[in-house]
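There are two complexes below, and they share subunit A, which is joined by subunit B in the first and by subunit C in the second.
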Partner chain A sequence: MQLDKWLVPEDLHYDRKDYWVQPAAGEVVIGLTAYGQSVAGDVLYLELPPVGTLVRRGEVSGSIESGKWVGGLAPPVSGMVVEVNSDLEADPAGVNQDPYGAGWLIKVKLTDLSELDDLLSPGAYREWIEEQIRREREEAAVL
Partner chain B sequence: MSDAWRLLDTGTQPAAYNMALERVILTARSRGLIPNTLHFLEFTPSALVGYHQSVPLEVEEDYCLHHGIEINRRVSGGGAIYVDEGVLGWELVACKDTPGIPGRLDDMYRLLCEGAVAGLARLGVAARFRPKNDIEVEGRKISGTGGAEAGNALIYHGTVLNDFDVETMIRCLRLPIAKLDDKQVQSFKERVVSLREVLGSLPSMPAIKQAMAVGFASVLGIRLEAGALTEQEKKLLEQELPLFQSGDWIWGTRQLQDSSLSTVDYKTPGGLIRVTLTLDRTRRRIRYAFITGDFFAYPERSILDLEAALKNASCEPGDLLQTVRGFFNAHQVRIPGITPDDFFYALQTAVYPTGRGREQSFKTAESSAGR
Partner chain C sequence: MDFYDLAGIDWWSTQCYYHALAYLGREGLIICYPTSPYVCLGLHDDLEQEIDRSYCEVRGLPLLRRETGGGVVYLDSNQIFFQLVLRRDNPALPLRRQRLYEKFLKPAIKVYRLYGLPAELREPADIVVGGSKCSGSASGDVGECVAYTGNILLDFDFDLMSGLLRVPGPDFRACLKTVMRQHMTTLADWLPELPPRSRLSAALAAGFAEEFGPLTQRLPDEELRAEAGRLQARLTGQSWLHLLGRRRLQRKIKIAEGVYLMERSHTSGESGIALLRGGRMASLSDCLDLLADGDLPPIHNTGSRRPDALPAEA
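After this line comes the complex of A and B, so read on.
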């Protein structure tokens, strides 16, 4: 498993739960990274917070199911949901197939712009993935 | 993993209590209120759907109503199950960063299922883990598993079929057997197997729990200490129970989804392949595949393994062709007179039962399979 397998676009921000964030004029688009969707596996169900929901950084506001596992969606920034990728709720395959494009999750109007400063740069996120891959290798060696 | 885990046994409880308690223990673990826990639970007759499933699509509600079967919803994913006094539930609730528990889901499934496999081995059952997350004996499922997470904690749970009432299961769940004859229904029932059937007699419940506990402890390298629910957990349970007893939780429509049933007979030189699929056409996925026929497969279990590989697989032609060919490439299977592609065509005929879409799918499959 090599790092270069996982695309980390230069123009996005990231967090350690494998979300990407694309800021534009007080709003951000949020999605799962290529590495993040690979860890989750094939997404079967996705429940996104409806437009108008106030989401808080790190707090669960939706769910994602893959291979009988239900995980929480916890946005990396706080704000109000202004748009939801409703195509994904019918068929979430886009999260796996095109994580940085058709697989985007929600658009949020930020309540605290300074939260963007806490996100990871592409370089820092790459280091985070490398760390995770090292951990996976060690775990695989034990299994 | 040297810290002691709590061994918790809450005995037989109604469905809403059991389902609420799963969330309570998970929440308590994520808040650091309790240690990692191995929990045994037992059930009154209950039909339990997966977190995102729709009750009307999965459960025969009238049957349940008239036979005292409680319906509820799990916090975990996966499909609907029927459980009763003949089933032992086990669950592991742990902090996600517990050393030794893999972060990648497939690796975690394997490790935690190996704990259950080790427990079954102590009872004299040669069970095996089958990806993604079943435990089987000779291809027949003896334990299904699933999981969920909250904050920094995870729950991974499964069942052991001790003495399983398969008749009630096929009546209370909406399974793809409506149009099948008796012989095929019998074949369907043989997809699952119980401890009693494997062993010829049933060990006592305490002996089964003891074996499972030792199995998990040995594989995870942990020490178990018997414990009870804490006061904080009891309080949380009081708060959560009304939600789990409510119609909002049980019937809440969470997802756009559909479930359509399709059965086809496909003739080959080696015999007839009968494929029954439940399909989620919205998501373009196979929910469940049931394959019978008058062909001979060596080893016999390969068809059950193929069904497992098809579960939740994409039914797009190229993807499906890859899944089927991938399966036969990875397994030593001999079926005189039938090729892997025959299974693909049989499956595709079930996905596209009418002419045009079908021909189209055959043409596009080859070209897109190599993507």
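After this line comes the complex of A and C, so read on.
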């Protein structure tokens, strides 16, 4: 598995749970990165926090089901959900097929703009992916 | 690793103990079975779409929604559950959660093989014998842990399972039962006599010790019992059971990996039934189509033992 397989757009911010964040005038759009959707697997269902929900950075506010696993969705920033990608209800595979486009998850109005400073730059996120790829190679040797 | 060999316990305990371990951040292995039957929903199942509640009420079948994935399952004492809880920061847990299934299911595969069944893993997480599924499994992040669950099928009530699921009509139900029977198998299909559960549990435990290291037998302590009790109220509560879940315009029921029975609309506006298997879809004019298709595995005798099956080893 190689880093260049995973697109990391230069105009986004990232976190170590493999979310991307696109700021836009006090609001952000959040989604799963190309690498993140690969780790999650083929997405079968998403439970996204409804509009009006106050979400807190790192706290589970939704869930994702893929193949034979269910995990939590924990936004990388805090705020109020102002829009949810309702297309994913009918077609959750959008997360896998177009993670940076049609597969966006939620839009959040930020309550703490300083949280953006804690996110990773594209370069730092690429380093994170490289760490994970190394870890996966070690896992494969053991499993 | 802590090991809880619980044998037969209350139906709700068979779900609540592993959830409790996970919420307490305690790793462990549980082997158990329910002393009475129940119906268990996956985290994202929609109760109204999936289950015929009146059918369950008439038969006194309680409901519980778990926090792991997968679909609706009927669970009773003819199954043995094995449940593994690992902390998310455990280095043995792979990044891609599905990768642990091979290791997690190996003990159960060994148990089936011990009794002469040619069991193998069908990725990502089905155990199959002769092409037929003989287990159920699921996993999910629960609290700060990840829980993996699986079972060994001693026998299975296909009538009841096909009866409790909400379906478009009687033809669909009849097809459902036939398709389940054709794609699933149990120890009862293969052995003239079922081995004692204690022997199966001991063999499972030995397999887990081989895969995950030495097991330290424990009894549920007060903290674990209290947490399980708290979770019983939540996982069986009406608001939790009635959480909105995955809804489809047309009924689609997963039988095994890559095998689905579906309601299908025709251009005429009428509904039909289709079987999706290995990426191919076949419309079924009735369930007799299933028997005519030479591709399908042979139907096992419902509820009876195969006379030519291998005897259980001592």
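Definition applied: the second predicted complex is superposed on the first by the 143 of 143 C-alpha atoms of A that agree within 3 Å, B and C clash if a C-alpha of one lies under 4 Å from a C-alpha of the other, contacts with A are read in each partner's own complex, and residues count from 1 in each chain.
Just so it is clear, contacts are C-beta pairs under 8 Å (C-beta built on N, C-alpha and C of every residue); 3 or more make two chains touch, one makes a residue touch a chain.
Owing to the predicted nature of the structure, the values given are computational and were not obtained by experimental measurement.
Bringing the complexes onto one copy of subunit A puts subunit B in a clash with subunit C. Once chain A of one complex is fitted onto chain A of the other, the partner contacts of A:Trp69 extend to both subunit B and subunit C.
Contact with neither subunit B nor subunit C is seen for A:Ala25 once the two complexes are overlaid on the shared chain. Of the two partner chains placed by superposition, subunit B and subunit C are both touched by A:Glu136. Shared-chain residue A:Gly41: touches subunit B and subunit C both.
More subunit A residues lie in contact with B than with the other chain of the pair subunit B and subunit C.
In the overlay built on the shared chain, the residue A:Asp91 is in contact with subunit B alone; subunit C does not reach it.
Applying the stated touch rule to the two superposed structures, the overlap between the subunit B and subunit C interfaces on subunit A comprises residues 39, 41, 44-45, 47, 63, 65, 67-72, 132, 135-136, 139, 142-143.
Within the complex, the subunit C residues that touch subunit A are 42-44, 67-70, 92, 94-103, 124-125, 137-141, 245-246. Touching subunit C in their complex are the following residues of subunit A: 39, 41, 44-45, 47, 63, 65, 67-72, 132, 135-136, 139, 142-143. Those residues of subunit A that touch subunit B in the shared complex are 39-42, 44-45, 47, 60, 63, 65-72, 89-93, 132, 135-136, 139-140, 142-143.
On subunit B, the positions that touch subunit A within their shared complex are 50-52, 75-79, 100, 102-107, 109-111, 132-133, 145-151, 254-257, 282-285, 312, 314.
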